[in-house]
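Here the structure comes first, spelled out in structure tokens, and everything after it is commentary.
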């Protein structure tokens, strides 16, 4: 980003289905959002969040179709300009929505000396081979991309990074087969299982880039050494891509945005205190449901949830990992979504499942963006 | 119950599976629980909570088998002496467990003038025909049984009733067929759908008995007139019985129990304030996860959850009712269980799904039992 | 259709996902399929076939996007020209695919006196209000549309109609709410349940149009009077439309197509004999897996499947209707797909779930198209 | 078994639920089945067949409770005398039932020179440690147990073995944790995934015992080298045991049973020809639904089903392995159950999921028992 800094606008848009772009189009047509400034769109779509969740690619297709004429691009080219991360699964109170991040040049404006405001930076890795998922290549390439995205966001200090959203690939029967035909073995032959490996390796890449874990992290530690984690990584696996997309969110001294971001770390799925801390970090109180003013300052909460891998939450057995009917990511999103939704006063929050190496085992990062 | 009043003991026991009775047996063998005093057992089991949730009947079978020798009864007779209510579904952080209520004569002991303590009373209706479920007969018989259970609990004032747990039947293909062969139509031909009708009619029976709704409630209002509800009813449908079992929980001036109960009403699935109020009603603060003393006083939280029938929670669209993969009761238990678990600091809470006419639409009662 | 008759071409195209149009585009670009002649596309997509199966609308969106430039139309206009019917659910061996029907003028060609060949005709009803679904309006409008489609297909004799595919709407929370706001009650408040009513009423419309059931069919008989049915109706409910699309398939003396169609009626889900009869009606033997020639003549099998509403198949209890984890339509498609797939030697067959009033209770129509 | 040979009786009993033992009790009370002769019970129960399928242990509990008084044993001791194998999952047309095998001394009776009749033999391995599942210990111990069971069945020639049913353990979060505490790693940390490893290693043990694969089979080949398989192994994983139970079924020259068994191998899920061959091997024709005599001779069909690991059935893509809502074993049972049910004319057949190393990849053994 240029020397003159930047400004970041962010808006949450409710959707009526994975193909619903009407809210976004309305904002553009009303002149309230310049499509040329859109840098990233994070969405929650109402699929199962699993391997066969086609709502993610459907939503991206619909967004590209809708934005293409406004950008003067063919639909396929829109994805090269804007980072789309759709996280499937709106269990329980979670409500499907989009969060749109727009960036404009800051023109050298300074909010105030020492003041830091919301900034967003984006980068991508190269395409991975199926056999590279969950392994060193994915860790290394991701770490490098995080640095590129920080620079893009005008953020120098890793402590100013509050959320790193990554979209990463998963394995399908076809991709596994393709690797086998090349004589290579993928890290797992389970499509559902591969989502965890891809998320985990990507998160370790973030931790390495931000100095949260040592430089010597090894691919054998993916989904094994649970005390290695990033406190701000949030990674989602999807069938629709073969590379990692990295979106760094933080506060930059060179941003003139009217928004700020903060975060805390949930140490388990019951950690109400961390959610309250995250809200407090941007000046919000936990919703008592009677505070519309606070409600209007909140833009969104971004969090990761997972079933604790040891089968217990705070000493009590959970059954999420042994349920052959409903995947554990669905369980975890529903539960953590219920807690965050209750404390934030809204179900239109971004809670994503599968928090391998994203926060401590069974826990995860929780970030909040609010209007100053 | 006798003139001399009563005392009620209550203990929560974690389980390792629906057939696990080891914790209960251990308490009995250690002399810490007299099996002859057990009046009721409420359990959360790890099934789907739906029509084909056999964990409920399996748990009851295992409990009867385990208690029979201690009571000198054949297993089948145990159910006549003890009220068992197993609620299927431990989604998200919810942890399978049993809550055992034991009653002993009070021997005229008085705690203190004006002091009221936990009491429990039990009653049953006659068996229903399949075609009576969800209709007037179920409402009327339930209302009558609530009065019998209140007397059994030495509770005169409806305001001292804080939770009325009911186990009620559901329809199966066979039962529907049986009704058809008698020339009668059941209220629905969907087994899953019948669970809602049975729960709803039972809840209206509670509301009628406690004066929360008028005497003129009509069967056509079941699952239709959503502003008719009881604030303390909690009804669960199960395949294993054809009558209603009614368990009234409240505070009685004639109880010498070391426990008290209180409640609040969640107005929707996000109502953190109501959960905090319910905890406060028995002198507990919302868990900050660092308060072991408070934790040790909490016995359990009892709540009902449901997907708001209008498809929205506090103005935000939810997708629970349109999910053909995961039933809406599973979604609702997971979300509300996440919120209550986070605020109570434990997932071993009794959150049951399907809150038709139990609290306002989309909401439900939340009761807390604590040691004084 | 014109006096000069018509010819119908039909091709089955395998897909790699609900958004995969590459096979279709390849045929067009190779000059083997004139996009301007495409009249209808029937597809099996890999969603759950339930309320929240967005793969259907995603597939239609992708097809419209792909065909638009070839037709010189904006994507939205493609649906007005071509009838798309996507049936969700490829359980078990079922393989996602499209069947494309193309129509060209026959130019007065006659195959042979008395010879009848494959023909296809299309019609649509007006949009329905949510409260009209499953009721008289849907029956009547559908019956009228079947007559229009028969004329379009140059078929006069109802006995020459072998399959009538209909796409019909379903209710969602929003649509139910909209009806309520108008002061009207929808036939059910269950989104999943509404799919059955809509399919059932549409099938009775077909039966009425073809004289299979009396003119006096009444809306109270929908999902009640199971001995009223059409032997050739196949109806699928989808969230993406509010009107019925009717596709009549049969043999016409004025068709010059190189294909023929025949059908039989499965009387239950185990009816292997009916599948064999349907194959025989177009000159094919049940696959022994070693008959590539026969295989190459087969274009596709079209069938409807359902869980027998009385809970039994040929006297043996089934558990499809009592399964709260997997919907009964998924069960039925998987089982009947397994039987038809085994006898046809391929899983790329069109087996659709929910056969209310489509064939006898628990059974359904099975049609086969083959090259002459 | 004694020198005098043996006789085997076999009866199929329909059930109304996993805890329903009424049919069995009725046979015993009517004097038509001597409980002391019961050697094995194979059942299909209506759970999900996955990790949290408690219908299996519930059914075994109910059977032990019911048989205990008839055998003069405490319920826990019944399992030491009788081999119970409950296979969860009655998808599609599959109908819950029990198959009871009873053995009596043959008293030296000879049916006819050269004639071989149904025989059954049983053996058990020692308990395994969690970390032994899916590895060499499970292969070796199983192979040894197969030889013991063959001797028990008076079968010398491996070609006379037509079905080897094995019940084997699976991993749970607790068992994985226990291994970790011992410093050992289990073969997988996924409970669902462990079922496949346990089934696969057990099947390789059968193949080794019967000479179908070489003696040098190595644990690294489990779930890897798919062309190693047994054509008669059928293995089911369940949460309720930690050892393997082995039931060998075949024809013995020393059996005086009125029944015979035969088998064929399905090479994929569409292999109707193999099902027809298996029926023919005991003198039955594929059901045309009009042949009650043939129907009365059929006792049961025993088969294994699985989703082809390469993602294709006979060249057509299937979606079973990429479905995050419904496990692939449920899909495969439903599809193959539909095919076998249609050809056998009944859904009360024993089709079990997860055919790793049981038949060729994507295929599986299919055995038929019929009255001579």
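For reference, chains read A, B, C and D in written order, and residue numbers begin at 1 within each chain.
Throughout what follows, a contact is a pair of C-beta atoms (placed from the backbone, for glycine too) under 8 Å apart; a residue touches a chain by one contact, two chains touch by 3 or more.
Remember, predicted model here, so these are calculated numbers, not experimental data.
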{"item": "Far-end chain from subunit A, centres as C-alpha averages", "value": "D"}
{"item": "Result of counting contacting C-beta pairs for A-C and A-D, higher pair", "value": "A-D"}
{"item": "Distance from subunit C to subunit A - Cα centre to Cα centre, in angstrom", "value": "40"}
{"item": "Between subunit D and subunit A, distance of the C-alpha-averaged centres to the nearest whole Å", "value": "46"}
{"item": "Set of subunit B residues in contact with two or more other chains", "value": "16, 46, 48, 52, 174, 319, 322-323, 325"}
{"item": "Arrangement of touching chains [line / ring / star / complete / other]", "value": "complete"}
{"item": "Touching residues on subunit B, where the partner in the complex is subunit A", "value": "14, 16, 46, 48, 90-96, 269-273, 275, 286-290, 313-314, 316-320, 322-323, 325-326, 330-332, 334-339, 341-343, 345-348"}
{"item": "Sites on subunit A touched by subunit C in the complex", "value": "16-19, 46-47, 52, 54-55, 57-58, 61-62, 65, 75, 174, 239, 325"}
{"item": "Complex interface listing, subunit C residues touching subunit B", "value": "48-53, 172-174, 177, 189-193, 223, 309-311, 319, 321-325, 327"}
